[in-house]
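Several structures are given next for inspection.
The following pair of complexes shares a single chain, chain A, combined with chain B in the former and chain C in the latter.
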Partner chain A sequence: MNNVASVLSRLITSALIIILVAMVSYWVLGLISPDETRNLNLAQYLLQVVSGDLGQSQFYHQANLQLVLQVLPATFELVLVTSLLVVLVVIPLGLFTAIAPQHKLARSIMAVSLIGISLPVFLTGSIMVYFFAVELNWLPTFGRGTTVPIGSWQSGLLTVSGWQHIMLPAATLSLALLPLFLRLLRAELLQVMQSNPVRLAQAMGITPWRIWLFYGLRNATLPMITMAGLQFGTLMAYTIVAESLFQWPGAGSLFMQAINRSDGPLVSAHLILVAIMFLSVSAIADLAYGLFNPHLAAWRRQ
Partner chain B sequence: MNAAKYHGHHIWRRFRRQQLWLQLKANKVALISSVILLLLTVTALLAPWLSPFDPSVLQQQNIMDAELPPAWHEQGDSRFLLGTDGLGRDLLSSLLHGIRTSLWVGFWAVLLQLTLGTVLGLCAGYFGGWMDRLVMRLADFQLTFSSLMLAILVLAITRAAMGAHDYHVWSPWLLILVLGLADWPQYARTLRASVLAEKHKDYVAAAQVLGYRSRHIMVMQILPNTLSPLLVIATLQVAHVILAEAALSFLGIGMPYGNPSLGGMMGSGFEYMLSGLWWIALMPGIALVLLLLSINLVADWLRDALDPKNIGPQQ
Partner chain C sequence: MTLSWLRYPTLLCLCLLSTLASANTLRVAYDADPVSLDPYEQLSGGTLQLAHLLYDPLIRWTPKQDFEGRLATAWQRLDSRTIRFNLRHDVTFSSGNPMTALDVKWSLLRAKSSPDFKGIFKPISQARVIDSHTVDLITEQPYALLENMATQLFVMDSLHYQGFDHNQRAKDAVEKHGHSYASEHASGTGPYHVTQRQQGTLLKLTRNPVYWDHASPGNVQHISLTPIHDSATRSAALLAGDLDLIAPVPPIDHYRINKHPDIQLFTRSGARLISLQMNQQRRPELQDIRVRQAIVHAINNKGIASKIMRGFATPAGQQSPPGYQGHLASLAPRYDLALAQKLMQQAGYGSGFRLSMIAPNNRYVNDAKIAQTVVIMLAKINIKVDLVTMPKAQYWKKYDQASSDLMMLGWHSDTEDSANFSEMLAMCRNPDSGYGRYNGGHYCNPEVDRLVSASAKQTNLKKRTQMLQQVEQILYQDAAFVPLHWQHLAWGARKGINIKDVLTVMNIPYLADLVVAQP
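On to the complex of A and B.
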């Protein structure tokens, strides 16, 4: 019963936020393209948005929603590969620097991560482009390469050229996020390793690997999820920068193009879609939090 | 006059006797980074006099000097220590002016953040109730949305509405305004927590009994006791704002093209990097990282040094 009420209140707030954002985007539409709002009042615009019609782009003469849905797979795949890279690198490095904090290599990893926090996305991107594309000529620097359609989804992850193209942007983005997550994971693991359950497990003679993975990592997941949810806005901003650096044909590039062409309808459609994305991510983060949090799970069972 | 001089001298003597100075002397990383930061700040402030060329004077540019590598390179020219960009402008001069722009934006935006965050945090903590709930709700929302994303949206929309030309007349001020208004939650949260811890102490009750106004109690009694965490956040935020400014200028929605800024220089240098001319984008990049790293390290040290847990005899 409690669950139903909380889901309902969440849905109602989300709907209110979207309507609020739609009002802002109507105002933005009037600012950028005054012609568009001349024959369309706020109520009509809101009705359109609620019925799923986000208007037509002035430049492409196509439905905005369709335009964004066409480029969304590119952004989604970039974010997916970036997250995979971050997880794959952060877990071993985090475990190592927490288990052997005094080791020389661990200390230098932490020192490098401190420098990494001060490295802007576009600088790491430029340096990687210079080394891997200009000097070594290994990887391409712009576009997505060959894509294969899966239904209406254009995927670049099924071709060699697609993987070659995604390497530099994904590596750039994950380097920007790595230091933050590495420092968080290490701090959490160090704390967990000092806790009584872990000491008990050590005293019981449970193998170190089991302790690290099942006691350490599992307990450190929760703050990592919170952090991932909190960092979503930053990730989005960095994605826009990386997409324009590598001319990645995703939603960020489409947004910047719409800005440069003063395409009012496309810009205001982006605002609404960003709001929807934020609401879904925060809902997913809360769900994941509930799944991984033993306290919440116990409270649910009562 | 004499009293002011004496007072200044007094403060300097106190500073030298204090833990802060002793800890700075003991911590090599902090000492080096604060020296670098000081050097960068001084060169940036003196940029109009120190730099060999004036980046805004077109007569000093010569397209024949374009794309020259740094002076230590074989094809380098001794007039241009760090080389020139695609239009023949001296990179060193643009760099010094760019650091100046970064620090200028950082300073004013952080001042704005600090003021807004302090007022909101003090009010939320001191008055509680609906004001507390409203401020904290807004803070949560702003934190999740991230100031950079908000700045991108607001500045991009303004640019699309005004057109590139008109926009760049206003963009330096808009940049400060947006970055200054967007990043208040950290100050407000920290201050609110300290105010909640302070407000039930005896000295506040005494001030209330004596009949002081709320404003006086908040600003004159509680605020001085909660200053050190604010100072640490403000220092970190300078780096954050400088990074955001660079990213926005890189995207073309920050500083106007004529104004030298580190992010804008890297943005226009990226195309040259693709044809192997690495210095045009890399030199401002190195300057930016040096600036950010030294600010971050100083802030780290400040946090440890001001932490009450660490004050007392050092081992």
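On to the complex of A and C.
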């Protein structure tokens, strides 16, 4: 019973947030393309949005929803590979810096990670391009490379050229997110290692690796999930910069072009869609939190 | 064993090299995507560049600024109103239809119906078909620039664009941003056919196997055109070997591109004038010729050209760049701060006033930086400027409404002739005739109007030159606008691509004639 109520209240809040965002996007629409709002008042606009009609782009003469959905696979794959890179780098580095906090290498990792958090994405991106594309000539500078259609989904993750092309933008984006997660994981691990269950486990003679991975990491993962949900918004903002820099044909590029072309309907539709994505991701993060958290799981069993 | 990790980067490099070796494809990136395949949908440099690849005009400018026959083998002036063109017999459109005089007539009619092009083709009253391969272009009145017009008359396939498309829209419709049939389907006589098009992402062209111009030395079989909006990304892609040819190259990257052993930079003086319009309609102060002179004298356009444009521009004192009929060498840039301050005092504005100003931030090279510098320079004569810069999409709406006191405008003559500057920027604004369409300053001098109109009918070159030079002299004395500089052109290319051999002063590369040295 309690469950149903919480889901219901969550749905109602989400709907309210989307309506609020729709109001803002109506205002943005009027700001960029005043002609569009002349024969369309706020109530009519909201009704359209609620019925799933996000209008038509002035430039492309196509439905906004369809336009964004067409380019969303590119952005999704970029976000996916970025997250993968973050996870692959953060877990070993986080473990290492927490297990041997005084080690010289651990200290330098923490110091270098400060650079990642303090440099803006367009700068790290330009530096990466300079080294890996211009000087070393290892990776391509722009575009998505060859894509393969899987149904209506154009995927770049099935070709060598696609992977070559995704490396620089994904690495750039993950550099911006890495330090935060690395520091969080390290702090959490240090804390967990001091906790009673871990001490008990150590006293029982369980191997250190087992303690680190199963007691430490698992407990430290929880705040990471919350943080990942919160950082999704930041990642969306960064993808706009990275996509423009690497000419990545995704939703961020589409959004920038729409702004440059004064395509009001597309800009406002994009705002609403980003709000919906944001809400879905935080819902997923909360669900995942419930799954991973033993307290919640135990409470559910009762 | 320890060196085995080196294998992967090396393999990768080999892969990249192998793509370079297939030099049949020329990989080009511009700053923007041509919005349409239709040569008459949008008047812009991008459209013209593409039109020369998919279509042919009757005649064209050579890189050395002469006329050269294309679809016309010969042409002669019959009288002051008529030029007769003899057309090639061996030309077919990509649909397979043969090209005849009827196509020329139909294309002219279509151009005259296009909102963007009707102004340009207004002087031509009709195309008279003499026989299947002879056509006369006739003007309403004696007209000196008929040949210049013919360079813009791209011939389209009149039979192909008959009837309706699957949306029941007429195939010959010209609709701006309307995704009309012609904007997505090209049937021209040009050197290339479209093989793939993803708007905003990629345009792939393949050489026309039956192109009529067998004398062309060009050896580029395939072209891929990618729009890359970010200028740093564009330069990096060229430096990394992902591209063969880019334009424009921002001044800040010139040094790096020049220094690179496998890449060359090509710059040349251009004919695009960057200017400021002083809106007399909004501000009575600007109606005072002394105030306008003071503003012109307060702006150090030589400094802008050398410091902000890094020498990538020629400071201007008039509209017409050197080489144009109206250019007067004596009209040099004026910068004299003491004189400017004196003029302000004489006009009674010693303590200054406020002006609003707008400028685009993604249209001209360094546009926003130039505008910011102007703000600082005008502060020295106590004019406080409130500057707003914006993307070009918003900018042109504001400009059309003349909604600010100072407005930046760049102009490249549509006809490669001095008169076009004056017709569009200096003549009194007249919505019926279209003259003064971009005269954001609302400057109006009947003498200028009289001289420019007379020059259009004057076919005696010497007299016409005098008239156009007189116009420049008057505009200079009246300080009708603030001339800043003529923007230069810059292309970056892989070694072996001699873009300068095929590039016109209008910044149109004839890529079909480009000879790429095989590595």
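The rule we apply is simple: the second predicted complex is superposed on the first by the 302 of 302 C-alpha atoms of A that agree within 3 Å, B and C clash if a C-alpha of one lies under 4 Å from a C-alpha of the other, contacts with A are read in each partner's own complex, and residues count from 1 in each chain.
One rule holds for everything that comes next: contacts are C-beta pairs under 8 Å (C-beta built on N, C-alpha and C of every residue); 3 or more make two chains touch, one makes a residue touch a chain.
Keep in mind that what you see is a predicted model, and the values were worked out from it rather than measured.
With chain A as the common reference, the superposed partners chain B and chain C clash.
In the superposed pair of complexes, A:Ser280 makes contact with neither chain B nor chain C.
Contacts of A:Ile127 after superposition: chain B is touched, whereas chain C is not reached. Legend: residue contacts after superposition of the two complexes on their common chain; A:Leu245 is shown touching both chain B and chain C.
When the two complexes are overlaid on their common chain A, residue A:Gln257 makes contact with chain C while staying clear of chain B. When both complexes are overlaid on chain A, the residue A:Gln164 reaches chain C alone and has no touch with chain B. When the two structures are aligned on the shared chain, A:Leu136 is found in touch with chain C, with no touch to chain B. Contacts of A:Gln66 after superposition: neither chain B nor chain C is touched.
Contact comparison for chain A: of chain B and chain C, B touches the greater number of residues. Contacts of A:Ile117 after superposition: chain B is touched, whereas chain C is not reached.
Of the two partner chains placed by superposition, A:Thr13 touches none, neither chain B nor chain C. Clashing C-alpha atoms with chain B after superposition occur in a single stretch of chain C, namely 387-395 (options considered: 387-395, 423-431, 477-485 or 495-503). In the superposition on the C-alpha atoms of chain A, the part of chain A touched by chain B in one complex and by chain C in the other spans residues 32, 126, 129-130, 133-134, 141, 244-245, 256, 259-260, 262-263. The touching residues of chain B, counted against chain A in their complex, run 143-146, 148-150, 152-153, 156-157, 159-161, 163, 239, 243, 246-247, 250-253, 263, 266-267, 269-270, 273-276, 278, 281-282, 285, 288-289, 292-293, 296-297.
Looking at the complex, you find that chain A touches chain C at residues 32, 58-61, 126, 129-130, 133-134, 136-143, 160, 164, 244-247, 249, 256-257, 259-263. On the side of chain C, the complex with chain A involves touching residues 9, 12-13, 15-16, 177-179, 199-201, 226, 228-230, 232-233, 236-237, 239-242, 362, 391-394, 397. Looking at the complex, you find that chain A touches chain B at residues 28, 31-32, 114-115, 117-123, 126-127, 129-130, 133-134, 141, 229-234, 236-238, 240-241, 244-245, 255-256, 258-260, 262-264, 267, 271, 274, 278, 282.
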